[in-house]
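Per-chain numbering from 1; labels A, B and C assigned in written order.
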Amino acid sequence: MPSGCTLQELADYTGSRLQGNAALRLRAVASIEKAGTGDISYIRDAKYRHYLQSSTASALILPPDMAQTYAGDCLVHPNPYLVYAKAVTLLHPVPRPAVAIHPSAVIEENVSLADGVVIEAGCVIGRGCRIGENSWLHANVTLYADTEIGKRCIIHSGAVLGADGFGFAPDQKTWFKIPQVGNVVVGDDVEIGANTTIDRAAMGSTLIGHGVKLDNLIQIGHNTQIGDHTAIAACTAVAGSVQIGKHCQIAGMCAIAGHLSITDNVVVTGTSMVSHSITKPGVYSSGTTIEENALWRKNAVRFNQLDKLARRLQELEKQLAALHNKGSD
Amino acid sequence: MPSGCTLQELADYTGSRLQGNAALRLRAVASIEKAGTGDISYIRDAKYRHYLQSSTASALILPPDMAQTYAGDCLVHPNPYLVYAKAVTLLHPVPRPAVAIHPSAVIEENVSLADGVVIEAGCVIGRGCRIGENSWLHANVTLYADTEIGKRCIIHSGAVLGADGFGFAPDQKTWFKIPQVGNVVVGDDVEIGANTTIDRAAMGSTLIGHGVKLDNLIQIGHNTQIGDHTAIAACTAVAGSVQIGKHCQIAGMCAIAGHLSITDNVVVTGTSMVSHSITKPGVYSSGTTIEENALWRKNAVRFNQLDKLARRLQELEKQLAALHNKGSD
Amino acid sequence: MPSGCTLQELADYTGSRLQGNAALRLRAVASIEKAGTGDISYIRDAKYRHYLQSSTASALILPPDMAQTYAGDCLVHPNPYLVYAKAVTLLHPVPRPAVAIHPSAVIEENVSLADGVVIEAGCVIGRGCRIGENSWLHANVTLYADTEIGKRCIIHSGAVLGADGFGFAPDQKTWFKIPQVGNVVVGDDVEIGANTTIDRAAMGSTLIGHGVKLDNLIQIGHNTQIGDHTAIAACTAVAGSVQIGKHCQIAGMCAIAGHLSITDNVVVTGTSMVSHSITKPGVYSSGTTIEENALWRKNAVRFNQLDKLARRLQELEKQLAALHNKGSD
């Protein structure tokens, strides 16, 4: 039984155009730097165009413009990265565990598990949870009571869904706990990273839309809603009662303050502090970038004088304008 | 058996003044936007005053000034948010697990568990730990050896208490591990969020005071002490040997450097970098806020020139002063 | 059987010079503030020199210059902190669990565990993992399939190694998952903190070098490589395909953007955003430091005007230069 597949099979599976030897047999996908005989690789960026000559891959995945000048075997598609992703899916299938529900997992009462659900070792599924078809919980995931997970979701180890939101009423210099009686509802095709936490709503539901992708170590506060197909990178914190739109991309280690809303198609770059709502699609940023420490120490001190500096500048402008007026008398 | 309770019972339980129909039966607490028949809701902010007219809630929780003009049934208290929290506690009791110590939990030797302690599935309690009355550990919590937890604490899933502090002595370009032989001591009425980590002391104890509330994904370094009733929001990192006072509020994603102290009643806003001690109560902040990326790129570059800009400003001031002096000769 | 050890034994074990009574028996290491009879403590910093007089410790660990003027019993070494670390190791040995592989741990197929490996309760070790001699996994650690751990490593609770990297190809406004078919390879003598996550490579390996020390709640992205003996403090996020050199020190809550490289011997201070490669050893920083909120609000607004302010400054300089030229006509 031959391993791998033909270039024709890859073209069919990935929906790309075949150029060259349809019967060519590929065994693996590899990076353009390392690909050799039996490997298929991809180039998506003009920066790597020189690999067209030097690569020893058996086949390449190329955008149409590069394919025009390429004499070797290739798949042609305007989105080579997507074709690469599909080729990996075909040539390197990730095995699902043989046992659907690991015996060490703890499933509490009134839990509903649809067909094809995988729950790995050490998971704890609270009472009343519902998990949709083919969703896969890796080891040591915790779902608190009444959490709802859609179909085809992937939840990585250490993720905690449905823990209490951070809600306390001040009571004479102490804190009175507000019982968090809502839940977490996750749509279909969602991926949730390792050790990410999503809090249950105070009342109602914390909502994660369809196709949302959350990286590791992310915090999602209670009653927050994340729109379909939004992706959030690692270590970002979203406070409570935030509304994030669809198709947003939030980079790593951003902080999004509570009770604000972000419209659809917003991109936020890494380490940004979002302290007010964003009503217009676009790219938003904040933060300062590294410099040598000796210089930074001086600049950081100046930041603390910035308003004063601006007022001194204004004063100079006034004086100079007065001088000009005097000069023109 | 009637569900819910009467307005009189709610008034008694919450310590608020009843205005209207004492026998009115309430079944649930709901948000002011969604509350209907059988629901009680609250208004704490003049911003929501218009709901006095439009809300279809059966009863409201109001501050005295709003209650004066309100003809419906209500509870009156200067802190409506606290009354709301207590009403939720009465009307939406959160059930504790039927089994106190889940059979999948691992309790090592010489552990002391007081009456009413709940330890959910997958928890691991190291040797010599002590847990006070009615404390509740949710699933998959890990306590290292000798951790002490007070009474009525709530610890959420994935939290790790007592792991080694980050202590290494440089030894000819490698690191020599300093054994962390202290422990973690947590007071009464503390809540610790999901996946939060509190390191054991190098020697002595890392101390979490009474009534402290820690959100998710927080790091507390070794030998740090947090004063009573201080609250810290998600993703904040507190380094080692820090002393934080009582009644502080630290917002999310702050970074507090090692070996410094923060006095009582300090508020730190989100994403702040605390790099020196704070000796005076007040509100402290740092960081920069989002703007459109194209503008941010220019401003961030200028930040790296800030000290130079300030010196150029100073030079201009000198020159202009010289001109004035010359002009007045 | 006498507890503790003699000053001579400590000198031999720590490789330091003995000054005073070789037969003196020490029972514990203690901080300079608390040390009493039977305790040994250390001073490494001129700031604490006054303790030479006031300390009631039975013995001290001192640098040569302080030892010269000290009449008491002491160990002398240019690196007192290292001698302290070794003294703790001798006097306060941390016991390893009696049971090597806890029965509640889940070890999947084809796992290779070398001699002396300790796996505590609740750990899940995926198929094909390899763990080297004397490595110690604390409770509730998760290793995904094919993770390789070197010798003498310590992995703290809640750490997740080998979860999928965050890789998705855009596909008509949705995300197509790129299977992550690589693994994580960890060298010898590595320590990994609680709830830290290290993602498996998309292809190939995410590499953690020998002697690397990672604190808690750190994120290491797929395909990233960290050089030998580099130390990273808590809550720092390293994106994917980053190359960090040897002997670097990255402080807490830094964010390191993807696909860049940092050379050897670089120090990055806390909360820095590393958005470009660092090719020269040195100390690098970014961020702004706390100030009173009222002042910060003004300064943060000015940050968003910084480029405009700089242009206004430039304009003033031109005007003043023109005035001077005119004056010298």
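Here is the rule we go by: contacts are C-beta pairs under 8 Å (C-beta built on N, C-alpha and C of every residue); 3 or more make two chains touch, one makes a residue touch a chain.
For clarity, every value in this text was computed on a predicted model and none was experimentally measured.
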| item | value |
| --- | --- |
| Equivalent-chain rotation between chain C and chain B, CA atoms, steps of 5 degrees | 120 |
| Classification of the chain A:chain B interface as same or different, half of numbers criterion | different |
| Whole-Å gap separating chain A and chain B, where each centre is the average of the chain's CA atoms | 26 |
| In chain A, residues with contacts to at least two other chains | 104, 122, 140, 158, 195, 217, 235, 253, 287-289, 291, 303, 305-306, 309, 313, 316, 320, 323 |
| Footprint of chain C on chain A - complex, ascending | 29-31, 34, 79, 81-82, 84-86, 88-89, 92-94, 102, 104, 120-122, 138-140, 154, 156-158, 189, 191, 193-195, 211, 213, 215-217, 229, 231, 233-235, 247, 252-253, 270-271, 287-294, 296-297, 300, 303-307, 309-310, 313, 316-317, 320, 323-324 |
| Sites on chain B touched by chain C in the complex | 104, 106, 122, 124, 126, 140, 142, 144, 158, 160, 163-164, 166-171, 173-181, 195, 197, 199, 203-204, 217, 219, 221, 235, 237, 239, 253, 255, 257, 267-269, 272-276, 278, 282-289, 291, 295, 298-299, 301-303, 305-306, 309, 312-313, 316, 319-320, 323 |
